[in-house]
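Per-chain residue numbering starts at 1, and chain names A, B and C are given in the order in which the chains are listed.
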Amino acid sequence: MYAEQKTHLLKALAKNVRYDGRKPLEYREITVEYGISGSAEGSARVKLGGTEVIAGVKMEISKPYPDSPDKGNMMVNAELLPLSNPEFESGPPGEQATELARVVDRAIRESKCIDVHKLVITLGEKVWGINIDICTINDEGNLLDASSLAVLAALKNARLPKLNENSEIQYDVPLTDQKLPLSREPVEVTVIKVGDHFFVDPLSEEEKLIEARLTVAITEKGTICAMQKGGAEPLSSEDIDKMIEIAQKLAPTLRKAL
Amino acid sequence: MQRRNNGGKMTEEIITKDKEIAVPGEIIATGMSFLPGKGAYRESDKIVAQRLGMVSVEGKVIKLIPLSGRYLPKLKDRVIGRVIDVLMTGWRLEVNSPYSAVMTLKDATSEFIPRGADLTQYYRLGDYVVCQVVNVTSQKLVDVSMKGPGLRKLRGGRIVEVTPQKVPRIIGKDGSMVSMVKQATNCNIVVGQNGLIWIDGEPENEVIAVKSVKKIEEEAHLSGLTDRMAEWLQKETGVKVNPAATPPPAEEQTTTEHPHHFGGSQ
Amino acid sequence: MTYDKRFDGRKIDELRPMSAKVGIIPRADGSAMFQIGKTVALCAVYGPRDLHPKFMQNPETGILRVNYNMMPFSGHGERVRPGGGRRSKEISMVMENALLPVLDLKEYPNAVVDIFVELPQTDAGTRCAAITAAAMALADAGLEMKDMVCAVAAGRVEDKIVVDLNYLEDSHEDGADVPVAVLPNSGKITLLQMDGEVTKEQMNEIIEKAKEACKKIYEVQKAALKEKFAKR
């Protein structure tokens, strides 16, 4: 259905020109704002060009999982809000929202970004639970990278609430100065493949024509801590190698914006 | 905006002046001599804004020129549509409107289409075409036709969306604004009344053409736009364009109406 | 007991600081942000547009559909599970009734105008902020509106009639919370709800105070709408 449009995009990519004049491996302007929701224990707003995403952190006291009495809990939830894109419908998260949440979750969880061992209040009984919610505000392409950056920024912005003697959260007093125990700071770079060309940070116009994509989470040490392939077309091992290299090269650009 | 208190006497007064922006419910004028045009209504002795728009006072008629709003198909409009369904007797097109349009076999092409033919040989899902609105019923069922000069399938290129209200400004008087952009960027450009614009050219030039169109859209209501655009285009492309350039042959123009003059002087 | 000084030091007819911006969600047909005190409402309008499912279509007129939602981290205490719930449904419905009187959707048979409101941060007066933002977004979307719509939560705290209750005042045990939506040019009321206990005289005074307060909100809306098109 999109054959002619894809040919047209390839013509531009062959000249290293994107639909908004950027080079293929160039991100749009990135801005990060911290603490945009006073009701959350941590929050951030990320703008990638015109794409805007908000992430919020809410803490709770919960029971640890039976097989990990010495670890706190964390969960990432994403909502593709209908206000951000005319094609998004209200209702429970669909495929796209679920994938977004899980890809961002994977990077945070598997990188041991949050040192969950430090979230124990009473061993085996009471631990901190970290709830991260992603809300999309305006979709002009690349919600994934924007969401991942917003979540990391919100985690960095988060402070622990005060507990009373019964280890219950006191909501009517200011938060403590204590930050979350973060030991890694992964950022995610999604690399797109169309024809023989690779590029990053797609516009909505370009996103429609994606053949395959690889989201790579890179830690501040340059190591890979999570990956997700998407799109209907297959990737060769050379492709994957190239795409990882691109992600490693561009991760610092995202990290610099924090 | 303060109302002059004349001791209760009715005054004939324009409160929100010509070319100013008015919001819904705002009083634009008082006095029985004024007539409410499109976008305004009368309430006792007041003319009130019925939408967000730019006030236009022509004699005693007060209108509000819209600055935004979705496209509603109008007879004779040339629009860009996208095939979203292939039917038994034609095609359904999305025309950037709450209402889709149908193109029947007889309106699709001057060729003869035999019964039972594979219609996707002519137009397939996702194809963009330039067509003309030939009928709109009260229930907003829309018919379009591709029989006519300049109506054709669009091959390649990119589609950009703008607010339909800004289309007249983007086209310009007798097509002068869009032809400036075409000249400077050497791109083929077709502007649909429904706010969809097709641009085809070298990649770098397409980027400039897209930026031009967006710039005109954003500054449509400000004066001196034509000269500003000529200057901006020269800076971006190095091509010197003459704002009073000869418009292209009639077939390329996609408006039959006299455009709104945002911002006064051309 | 007498309520001499408001919890946050305001005078009894003083509104919290307000700010508004129009066009914050470029993908939408119209959009606006309205903030009053710590309550923030983001609104996007899509429409008129195609309506599905088909059985909801009305061949005589377009319909209005409001979806009000608080972001999970926007509440005063614990995280709010996404998915709305009865409160959100009720607010969506009263919002529809508050906004419909100024709209004429007969030009759009079978179509829908969708209004989405999301709140990232709240401190009472949420449905009022939502309505105020929605009215600006509808105007931004180019819809025909006889008038704007402004809303504020007025009420009683102990012995005083106040406007723009914050969370502490709203949850105070001796009082009443009265969200009111007003059409600024006609003075007509399109939303009126009440929680708490008041006499008839107090109620009348609350409504008058709300109307006064809405005039100030209208000025904020007007300025935000005009600012979007200001000469550079």
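Basically, a contact is a pair of C-beta atoms (placed from the backbone, for glycine too) under 8 Å apart; a residue touches a chain by one contact, two chains touch by 3 or more.
Keep in mind it's a predicted model, so treat the numbers as computed, not measured.
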- Note: of the two pairs A-B and B-C, more contacts are counted for B-C
- Message: If you average the CA coordinates per chain, which chain's centre is most distant from that of chain B?
- Response: A
- Query: Any idea how many Å lie between the Cα centroids of chain B and chain C?
  - Reply: 33
- Approximate Å spacing (C-alpha centroids) for the pair chain A, chain B: 39
- Residue numbers in chain C touching 2 or more other chains? 49
- Interface with chain B, chain C side, in the complex: residues 29-30, 47-50, 59, 62, 102, 107-111, 139-148, 183-186, 221-222, 225-226, 229, 231-232
- Could you pull out which chain C residues touch chain A in their complex? 24-28, 31, 38, 42-44, 46, 49, 67, 69, 71-79, 82-83, 114, 116-118, 120-123
- Task: Would you tell me which residues of chain A are touching chain C in their complex?
- Result: 36-41, 43, 50, 52, 54, 56-58, 60, 77, 79, 81-86, 90, 92, 131, 133, 135, 137-140, 169, 171
- Task: Spell out the part of chain B that touches chain C in their complex, as residue ranges.
- Result: 21, 23-27, 39, 41, 48, 50-52, 54, 66-70, 72, 98-100, 138-140, 165, 219, 221-222
- Message: Quick check: in the complex, which residue numbers of chain A touch chain B?
- Response: 1-2, 4-5, 7-8, 11-12, 15, 17, 19-21, 205
